[in-house]
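Each in structure tokens, the structures are laid out below.
Common to both upcoming complexes is chain A, partnered first by chain B, then by chain C.
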Partner chain A sequence: MRRGLIAAGLWLCSVMWHAPLAHASDAELLQLKAVYLGRFASYVQWPQQERTVFDIAVIGAHPLGEQLAGFYADKRIQGKPVRVRAAANVQDIGTPDVLFVALPTVAARQAAIAHAQDHGILTISDSKGFAELGGIIQITFVEQNVQIKINYDAAVKTGLHIGAPLLSIATVLRGSQP
Partner chain B sequence: MAAQLFDQLSIRTKLVLLLGLSLGLGLCVSSGVALYSTFAAERQSSLRALHQIAAITSENMRAALAFHDAQSAANILAPLHTNPHIRYACVEDEQGHLLGQYRAPATTEAEAAAWRKALQQAGAARPDGLHQGIEYDHHYVVYPIDFDGKRIGALAMRADNEAMYAKMRQFVVLQGGASVLILGSLLLLSWRLQLIFTRPILELIDGMRRIGRSKDYATVLATHHTDEFGELYRGFNAMLREIRVRDEKLSQLATTDTLTGLANRGHALETLQAMLTRAQRQGRPMGVILLDVDHFKQVNDTYGHPVGDRVLRDIAHILQANVRAYDLAARFGGEEFLVLCDGADLPATADMAERIRSAVASHVCRLADGQTLHTSVSLGIHAGTDIRATAMQLIEAADQALYRAKQAGRNRVEHA
Partner chain C sequence: MKRLLSLLSLWAACTAALADPPGPRNDWYELPLDELVRVQIPPQADVGSRDGAHSALDATVPIDVYTAEQLLSVGQNGLAQALAALVPGFNYPRPSIADGTDHAPPFTLRSLNPDQVLVLVNGKRLHQSALLHTNGTIGRGSSGADLNTIPLLAVERVEVLRDGAAAQYGSDAIAGIINIVLKGYGHASQAQAGWGRTTAGDGLQRQVSLFHTTPLAGDGFINLTAELRGQGSTNRAGPDALDGGRINTHFGDADTQDLLLAWNAEVPRGDTSLYAHGHFNRRNSSAGAFFRRADDERNLPQIYPQGFLPRIEPRITDLSATLGAKGTWDSGTRWNVAYTGGFNDFHFYVANSLNRSLGADSPTAFDSGATSLAQHTLSADLSRDFGPHTLSGGYEYRVENYRIRQGEPASYQLGPGSAWYPGAQGFGGFAPENEVNAWRRSHALYLDLKYALAPRWVLNAATRAEHYSDFGSTLNGKLALGFRPVAHWLLRTSVSSGFRAPSLAQSHFTSTAMVRDGDTILQYGNYGVDHPVARALGATDLKPESSRHFTLGAVWQPTQRLTASVDGFLTDIRDRIMATGYIAGWNLAQLSPQAQAILQQHQVDGATYFTNAVGTRTRGVDLRLDYKQELPQGRRWHLSAAFQRAATRITSVNRAPSVLGVDMTDLILDPYTRVTMESGQPSTALKLWTQYSTPGYDLAFNLNRFGSYASTYGSTPVTFGARWTLDVQFAYHWDKNTTLTVGGTNVLNARPAQWGATDDDLTGSGKPIPYSQYAPFGYNGAAYYLRLGVRF
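Let's look at the complex of A and B:
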């Protein structure tokens, strides 16, 4: 029994070492999401660039807000210092550059998406079906891989241009696709 | 051994051989330089091509690496199969974790593992930049991938050198073929060029052989050369002239009596034999006059040998003045003289003998002290058309007639 536990522990360590995403802890996943959110920004062009601060808003109850604030405290996105803030409801969203949607219901997510489309905000979420709902970027961690799904029409409708390298590694929803 | 073998070759072969060796050496050196420069260029070209592929692939790979998208990484690497020489490629994140790899069909897993390790070590040597190199059987590139100024991983590629070696083999075949053609053409040209040098020498050798066979030292070898070959011809012609002059001197010494300037005994006998043979063949007569100075011993004893010599020279002059151009006057020995009359019968021979006798008898030799000396000669003659007579028989017959002239009181002509 004890030998079996040791073997299982060794296997777990091995897998963790060789495939960091496969069985990453929640903290690690959170860290990765924070990193990726900044990297998404590198492939997106916003129509207006007069801001001096890169504004990220997190709507909904999600620990990513704290993670983002900590991670980007001394870093820059697109050459600008990063400001992270939390929004409790759609009215509090304002006009950030990026909106991470962590709302629990489809209706709430749709409302946030609608607001974002109206204000040229890049929407990102790890919620299932987010892209199909009209969100721009959906990230999902499956097994050993991160899966990125991009709703290209939604990005166009929002007035954002997404770079080809990001599109090339993502599942892109276009045209008649839901 | 080689030097002896080389010495045995003709000048023509030596020239062609040396020209061929020089040309071959020049071609080898130029081919070697061309081969090396092509090899260096192909090395750089192979490395540059792999570098370009790595640069393009890494640009596409950046997003996949940024989001740790292994599937996309594999998809981006998959088209590398279109280049059969790329045997392995891998992309790793900043921690060295493998994100994706490409393995050519011919590459085994063990090879891939070993090559990845080697590429990691190569990349570790230059952690902050591009690293590339070429070995005997492969070349590689470790291409760093940055995101927003920060290193997020690296792409490594390894390709074999078969394409380069195939080009080099093709180049060697082409260069070798061209070299053989050039060498063949230049050898043909050198065969023509060597004639410039060998023809004058061979012509000179041919002339030397011809002169050696004919003994015709009056020959002059003509040449239009004004260079060293002309000098050689001129030297050879000068040597021929010297031989000719020396031969004439030797011939004169061998046939002439030094005191009187007349033909000597040996030459007289040779001429007699030739004249007799010709006369017998043609059925013509010939005459022989043998004459002896009367009381010559007494002249020597009375006046001394110099006066005796003077008398002999005077008689020689008289003989020369009284013989025909085709006759021969010779000093036969001591105070004896021989005259060979070609085509003369007995009356003609007798007339000539009488003229000689009369001229000698009327000749006055004036000595240095003012004294005068009178001499006379006795002559025995033989003439006829005896086809069986030998030269010595003619001489003996004339000698017997001379003896009778002496016995009959000297200063007279007797015939056999």
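Let's look at the complex of A and C:
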């Protein structure tokens, strides 16, 4: 009996130790960002729609990748199933539809943005100054509320068309004004 | 046993089931875009951990976050008053006839002292006031930070850490930490004008403020806030039966005029950002001392035939400025170096007074001298993430300077006209022998680790070593553990040690006066611990107060809308610093002949000084409930309920210096001091705040229950009953940028319980002083206000 009790206790500890962190407020923030990604992407038109999978890449160390994979496992963006992958550096980015940039330095972000512009990739980040740097969509939170900043020129340069509903809820940068 | 095993297995199975990853937020995903962007994220906090902004609800230690919207919804112009209306356990009495304390009242957390709370602004230590509270008020013998030096319009949020954190942030973080976060990038410029008064017709409030933001490249910003604030005096004094029944005393809020400036700026350049923030406050204030009747021997009828009410009118200057740089290296390591300078100057002036001993030639206005405190802090921090773990460390160097400057001679002199009444009536000036210029330096090294033991377990460990030039070294540590057994529950606990360095004021404050005993001039008053008189009477260098903390709590968040938490806490403090009683042969029956000889030898009638006196245990519980619901058509309902119960008990008494020949209990713990420490602050506090918002208007209610508290009449404890107050505010949005607000504070016109019947001429129901100084919400009664706000 004692052995059984110990076994149950060990099993319980194991369950408790290794089970995923199911619910947390930080996770809520990630969930919201994951929702934004898909919803914003649905208002963007890419010049070519040949792929059968909607491809999202996350570059840099950010827990959003895991969140995205779970969240979009049973969802479609622009009518396509979603694939999420991580990229360690610019060479690994490839040509996804959306690139979430979570790199720590400006130079690294610029390199990722340059790659994205050359390959028609929608760039999104929560890094400060991302939109002015040439990124397309920047997500910032002020007083618990989201503020969306869209670099319209960068979107045009990348060959993307952003729908009016998305532009209407964002601060739109044209030229280089802050 | 089988049953136990079955139950255990069942519980484990349930746990595992509940632990499944949460369902995708399809409700968010299905929202129209304009409603999706209205979804609010959980409140973020910087304090408590050095891993950057994190959700306050996920922290391993209890943190409350109060938004600017909440702070502005309770109808108060000052930050301290706004927090007193919202934060349970934040006690902010409005003492009157308490010298300098009338003009910068202290606040406390968890029934402890004002100097046992650390205040940060944008994470940087805010200096304390130069004022040492020496009168019979809550916070007697301590100095605290003055929150009303920061304009409310500059504040984005206030984070309240409800745990000891000296092992992370250094001295003072015993009852908790208040971190004031100034508005940064992304706020709209706005102007505001307000007017209000009490229903009794006094306490006129006038306020104009401007917050202006200039966005810079890279999400940089320069934010400037300016405010002019006038708070008219209130008076709830009763009639003086010995003066023909007229009301001759001022018992209420001081008349204050404040100029406030605040700035916050960040200029990004690549991976480096230069930043600066700070504030400047100039306050001119005026409040009464005790009235001197015409026939009072302290009066000269040829100057004041009807008697006189001396007015203490300090000019207080407060400045804080931080300049720093922060950035990220290619490795991902974050760095931050900063300088913070703080300065507070409390200059006492007295008007409508006289120096009785100078006779009819006495001036009627005096410069009584000043106290000032300067604090300079240099800090360097490094922080790096290793996967889900964060390691931070840093170094801090701090220099402090405390000064007392003498007043003009007439403010302290003992002239030939009287043997007993030297100096300015109301507030005698600092004499040349009281002047102090004390310095202290400290170095600190700290390390902070956030370690994700497993997906469900988070460990925070911190240690901090400090060396102070006056009392030596301290080493403190903290362990906090968070465990999420099921999806919606967070269990958290922490254990830590802490300390509070004795303030320079407590070590060096010297304020004396003179009396004539025949041909001998005797001195009396408070002496710094290094003063020869104090040393001879057994004073020693002050040791730091040391503390031990334990918290245990749980957070329940069944939905994104609803959060509830419960946290129990226990704080033990040793060597609490207090002022002695008046050491004089006529006051202490057991005072040793040796001590009496020392007093005689130094020609001192009596003396007080600060000493490490007692140990206390504070324990209590905090309950929180927060519910927020987004409603159709842009409406929102937010309800926040909070309760705290905290009680402090004296658990140990240090030995009194042997030279005095008295027990420490007799020396310090008279009934008044004991009651003040153990029962002087409300043991319970209940706050219920709710706001219903629509695109057209906001309606807010704030219900408060201030628990009972006690003081002493003579040596008899007197308990004052609990009271309810209600604040109401209606804000009408004229258009997207213009808001007209009307509201009332304490609309039920609650007044604190009165002293009751006494045989005293001054204190008691229907007498000049009807209320206790400890009343937690003042004595003003109901007030109403009007405010116009414009965004641009």
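What we mean here is this: the second predicted complex is superposed on the first by the 151 of 178 C-alpha atoms of A that agree within 3 Å, B and C clash if a C-alpha of one lies under 4 Å from a C-alpha of the other, contacts with A are read in each partner's own complex, and residues count from 1 in each chain.
The definition used in the following text is that a contact is a pair of C-beta atoms (placed from the backbone, for glycine too) under 8 Å apart; a residue touches a chain by one contact, two chains touch by 3 or more.
Everything quoted here is computed from the prediction, not taken from an experiment.
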Which of chain B and chain C A:T105 touches, first, second, both or neither: second
Broader residue contact with chain A after superposition on the shared chain, chain B or chain C: C
First, second, both or neither for A:V53, with chain B first and chain C second: neither
Partner chain(s) touched by A:G70 [first = chain B, second = chain C, both, neither]: second
Touching partner for A:V156 - first (chain B), second (chain C), both, neither: neither
Contacts of A:L166 with chain B and chain C, given as first, second, both or neither: both
First, second, both or neither for A:A88, with chain B first and chain C second: neither
Which of chain B and chain C A:A114 touches, first, second, both or neither: neither
Contacts of A:R39 with chain B and chain C, given as first, second, both or neither: both
Touching both chain C and chain B, counted on chain A across the two superposed complexes: 18-21, 32, 36, 39, 43, 144-146, 148, 165-166, 169
Contact footprint of chain A on chain B as seen in their complex: 59-60, 62-64, 66-72, 76, 95, 97-98, 147-148
Complex interface listing, chain A residues touching chain B: 18-21, 32, 36, 39, 42-43, 144-146, 148, 163, 165-166, 168-169
Chain A residues within the chain C interface of the complex: 1, 4-5, 8-9, 11-12, 15-29, 31-32, 35-36, 38-39, 43, 61, 63, 70-71, 74-75, 104-108, 128-129, 132-133, 140-148, 165-166, 169, 178
List of chain C residues in touch with chain A within their complex: 1-2, 4-5, 8-9, 11-12, 15-16, 18-22, 24-25, 28-29, 33-34, 36-44, 54-58, 67-69, 156-157, 184-187, 215-220, 268, 270-271, 328-330, 332, 385, 387-388, 454-457, 484-488, 490, 557, 560
